[in-house]
Amino acid sequence: MTPIFFLFAFLLCTINSHVVARDFCVADLKGGVTSVGYPCKSPTNVTIDDFVFSNFKVGTSNQFNFSGAYAIVDNFPALNGLGFSIARAELEEGATIPLHAHVDADEVVIAGPGNYTTGFISSDNVVYIKTLTEGNIFVIPKGLLHFGFNAGKGKISTLYVLSSEKPSTQIVDLALFGSKLDSSIIQKTTFLDDAQIKKLKALFKGSG
Amino acid sequence: MTPIFFLFAFLLCTINSHVVARDFCVADLKGGVTSVGYPCKSPTNVTIDDFVFSNFKVGTSNQFNFSGAYAIVDNFPALNGLGFSIARAELEEGATIPLHAHVDADEVVIAGPGNYTTGFISSDNVVYIKTLTEGNIFVIPKGLLHFGFNAGKGKISTLYVLSSEKPSTQIVDLALFGSKLDSSIIQKTTFLDDAQIKKLKALFKGSG
Amino acid sequence: MTPIFFLFAFLLCTINSHVVARDFCVADLKGGVTSVGYPCKSPTNVTIDDFVFSNFKVGTSNQFNFSGAYAIVDNFPALNGLGFSIARAELEEGATIPLHAHVDADEVVIAGPGNYTTGFISSDNVVYIKTLTEGNIFVIPKGLLHFGFNAGKGKISTLYVLSSEKPSTQIVDLALFGSKLDSSIIQKTTFLDDAQIKKLKALFKGSG
Amino acid sequence: MTPIFFLFAFLLCTINSHVVARDFCVADLKGGVTSVGYPCKSPTNVTIDDFVFSNFKVGTSNQFNFSGAYAIVDNFPALNGLGFSIARAELEEGATIPLHAHVDADEVVIAGPGNYTTGFISSDNVVYIKTLTEGNIFVIPKGLLHFGFNAGKGKISTLYVLSSEKPSTQIVDLALFGSKLDSSIIQKTTFLDDAQIKKLKALFKGSG
Amino acid sequence: MTPIFFLFAFLLCTINSHVVARDFCVADLKGGVTSVGYPCKSPTNVTIDDFVFSNFKVGTSNQFNFSGAYAIVDNFPALNGLGFSIARAELEEGATIPLHAHVDADEVVIAGPGNYTTGFISSDNVVYIKTLTEGNIFVIPKGLLHFGFNAGKGKISTLYVLSSEKPSTQIVDLALFGSKLDSSIIQKTTFLDDAQIKKLKALFKGSG
Amino acid sequence: MTPIFFLFAFLLCTINSHVVARDFCVADLKGGVTSVGYPCKSPTNVTIDDFVFSNFKVGTSNQFNFSGAYAIVDNFPALNGLGFSIARAELEEGATIPLHAHVDADEVVIAGPGNYTTGFISSDNVVYIKTLTEGNIFVIPKGLLHFGFNAGKGKISTLYVLSSEKPSTQIVDLALFGSKLDSSIIQKTTFLDDAQIKKLKALFKGSG
């Protein structure tokens, strides 16, 4: 006779009943998105594979000095509701991450060996810049313009944690010169010269 | 050759991949409502028109001294997730906004020219009342009973920001006298006289 | 030799370090209040007594048919940050809880033996009313006007959970007739007769 | 003529329009779950019965010294979005609630007559334990291991409020000995002896 | 004899006790800021003046075609915890609001008479641009680059609601050319020509 | 003449005024903790060094097969309000992370080269276990019991992101056997044998 088992089963039943507990909310990517993310996949369909992401290995470098990988809710649904995502980059010597902002995410950089210079500008126009080496972590506050580049010899590797499971990135050059924004409006709102605008529009394939 | 373009495209790809970024969450009004609002309309279906609301012009005054306009998530889906909505009123001389509360929204009044008297009562029964003139902004805390009236000569105009994209309004007279609430219960729970209750029930079309 | 102990101590140290963990945030009632409640009492000063509230016994009935008790963050600091509080009432035969609203809290009533009639009015003026008996739980949504009364014979007991650790209560009669709100403004914004207003102002000790 | 009625109707219309106000969000249990709960049942389908829960009466005791009842969002949809649920237990003399944790909920115990001993262990391994009697309320912080037992003579009754509308409960014995977790892994990660593990696996019907 | 008064007083006492209710949290600007804003001013020191802001009148136009006013928590402490602030601008013919982003706030523009052209660029580089006239409201999602200008004849007036009680603004030109950011880093991360950078650094008083 | 500069300065002034913008909230560790973390250090005292953490290098292995490092808000104040922290471990061959739970944090493991077996048990007693290799990321939901061990040859390295800036860790063995919890209560609430309890109490230095 195992009265204890029944006692426990009862307790479980008392609290969790026949409903499956909601310990996690793995994204159902086919469900409609709300302002707080994806709906939950039915727990009965969740398996161990939902919690494992296997594509975070950095591949071979491409011709532009970059190799990268990222895990966000759209390719790793277990991140749904966790409030952060993870990215990784390898920068060949001389490589640069251009000026951009993550509109909905703080960024934490975990530097590997080498010299990675990164910086951000606050809204009162103070520049915070630092050359990181292995064992350094750096915080870039949400929404602020920032950049990074390999400041040393040889390839470097950096890891990023972003405080959004689906971070949004606005690259200034692409927003201005890779879009259809009219040149005269760019000139009026940035004070850049028309020739400069046209040159970069040509480079970034923008129109207008 | 434009290696920079590809570099940028790569970066964009690294972060945003094939998934459309979630910069905004315009309401899909046909989707099921949750406690945090409507689901997002697919970004690929969002156009410039989703961000523009064109019906905020105040019309001609009606026979009861009022003309109004409001923008909430149900008629302006771009407000989804923003946490506020906007309303506008024009009050003819003598017009009154009766005693009411917004159960889920703080209210900020932006006064136009003229004299608009408004007030609220705190839960410890202190009365905060003020006659506003142009250049005055007034805060009415969430959930508290409040009112307003044109305290001067001529028509006045007021603008309201409410801290909910779909604010709920409970008008005391309608709750009591425009509903089916039994007169004996009103009497018991408000200490109003039966004759007074019946008089206002007749006025506000209540039953019971 | 106990290497395992050191291994565990190391792990603990790795995660929690010398800093005291933040498992709970018992209110420091003398600290400044913020919009999210009281600051935390230093964990090193927290004792078992902080988690125990001993004054929830309902006393003997008073001459007005009531006896009550409540536990909110101000008399039970362990509720800080939990988002709810608890109250208890005993109503003698005929006792009534007058029309009121909790501006920041949903209310759940857990009925004891007897007949407790309670109801609320929604913002579209629908009346939801029910006579509860033992084994009934009733939900009153945040901010809406509601009331309750002993609808049967003999004394009854009710328990309340409110979704705020420091709920705010606005009683309509006290707001109007127990305050300094000017009678002419009450008349203008509620359509009550002046005689009725004056009668209730006398009863509830209001001025104006 | 009743101009006031129209004035009020106008006001109501101005704010709430044709859309049904969102005073509450009763769960549509058939809708897809998100990380913030169920979608709202259409207000037009909500009735008074949605706000009443009638199954909270404690039944007759079972053979294992327990009788219980609980109200969570899955059996009482009006709790959707309220952030808490309610449970009730009756413990015969000698009954014990085994070591467990609620991963997403603080717990508040409201003790009835008798002696109910309950305690929790903080993450820095301090034990907070207390024998409660009628008129005592006790707080158990979210996520921490805790337990309870009837420490006196005769049957006792306890009421619980949990700060989640669908709390999750992890019982240590069931997690370890009622699951398929491999015995060698249990041994390695808990330092329990193999014989002890096998004995409890037999009792709790675990495999591995 | 007024038993009802005492009954009500009792009820009030039961719920609110001797503690002052927390209907609002007017900012104590001298208190330490937290990530959720300022601490609350003691309710006993709050007066009607705390709820009124009197400096929202637009002044006379300056020589640069602008006149403006704004109400944020720092000059209108009653906005503390409300989650939005309000600004107002008058733009002379030809005036332009340069490219900028609000890192923590959605923006809603309420257009006055005239033609106000405003636009934003999404993170996938789509341009959303519109010329607004009186009776138009426009939403600019949080964090995205945007701009505005007077597109017609004569002076225009615009009102803004921002979904932060203390919005942060990053102006691209000032961040790059009004700061100490090194010219070579600007060149490397924006692909602007050195001559262009130096020209704008001279204009905006930047160094580096 | 540089009218544009003044125009910009005006705009900046209009929005940010004399108040320092709140782009970030670096923890003032000496300020009183609230349920949402530390107060903000005054922005005027914040320097580049506040954003850099330099102690994340993993040291030499200790005699118990471990070496570790972690960055939480208490040693890296720039994490204040970001909602996550970062830890790193190196496990020699055979090393084990014992059964524990983080009461307030989801955990994401980023595996390095080698074989790291990790698993968690859900509240319905399903075991989710996986041996990770380089390029694998694994999610362990908040509050659930979990463990890890080096399952291969040689030393391995793992990185962790925890969804709390100050995560709390409860180790089951230490809670039970490293505390003062009475042996008879452990026996009653875990069904472990007295001899087993005493053996582990001796190992983990517990009393009672």
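Order as written gives the chain letters A, B, C, D, E and F; numbering starts at 1 within each chain.
Throughout what follows, a contact is a pair of C-beta atoms (placed from the backbone, for glycine too) under 8 Å apart; a residue touches a chain by one contact, two chains touch by 3 or more.
If you want to know which protein each chain is, UniProt gives these names: A, B, C, D, E, F = Germin-like protein.
Quantities reported herein were computed from a predicted structural model and do not represent experimental measurements.
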- line: Min route length, chain touch network, subunit B to subunit F, equals 2
Message: For subunit D and subunit E, which third chains touch each of them?
response: A, B, C, F
Query: From subunit A, which chain is the farthest off, judged by mean CA positions?
result: C
Field: Equivalent of B-D within the choices C-D, D-F or A-B, defined by over half of its residue contact pairs recurring
entry: A-B
Numbering shared by both copies at the subunit F-subunit D contact, with half separating same from different: same
Query: Measuring centre to centre, with centres taken as mean CA positions, what chain is farthest from subunit B?
result: F
- prompt: For subunit E and subunit F, what's the span in angstrom between their mean Cα positions?
  reply: 36
Task: Just give me the whole-number Å value for how far the CA centre of subunit B lies from that of subunit C.
output: 27
- request: Give, as an integer number of Å, the spacing between the C-alpha centres of subunit F and subunit A.
  value: 20
Statement: Within subunit F, the set of residues that touch 2 or more other chains is 4, 12, 16, 21, 23, 34, 36, 96-98, 103-104, 122-123, 129, 141, 143-144, 168-169, 173-174, 178, 191, 203
Message: Let me make sure I understand the interfaces: which chain pairs count as touching?
response: A-B, A-D, A-E, A-F, B-C, B-D, B-E, C-D, C-E, C-F, D-F, E-F
Statement: The residues of subunit C that touch subunit D in their complex are 4, 12, 16, 20-21, 23-24, 48, 51-57, 71, 76, 78-79, 82-84, 86, 106, 108, 110, 122-124, 128-130, 132, 134-141, 143-144, 159, 161, 163, 191
- prompt: Where on subunit D is subunit A touching in the complex?
  reply: 32-36, 62-66, 68-70, 72, 74-75, 87, 89, 97-98, 100, 103-104, 166-169, 171, 173-174, 178, 203-205
In the complex with subunit F, residue positions of subunit C that touch it: 2-8, 10-12, 14-17, 19, 21-23, 25, 28, 31, 34, 36-40, 80-81
- prompt: In the complex formed with subunit B, which residues of subunit C make contact?
  reply: 96-99, 101, 103-104, 119, 121-123, 125-127, 129, 141-145, 147, 149, 168-170, 172-176, 178-181, 185, 188-193, 196, 199-200, 203, 208
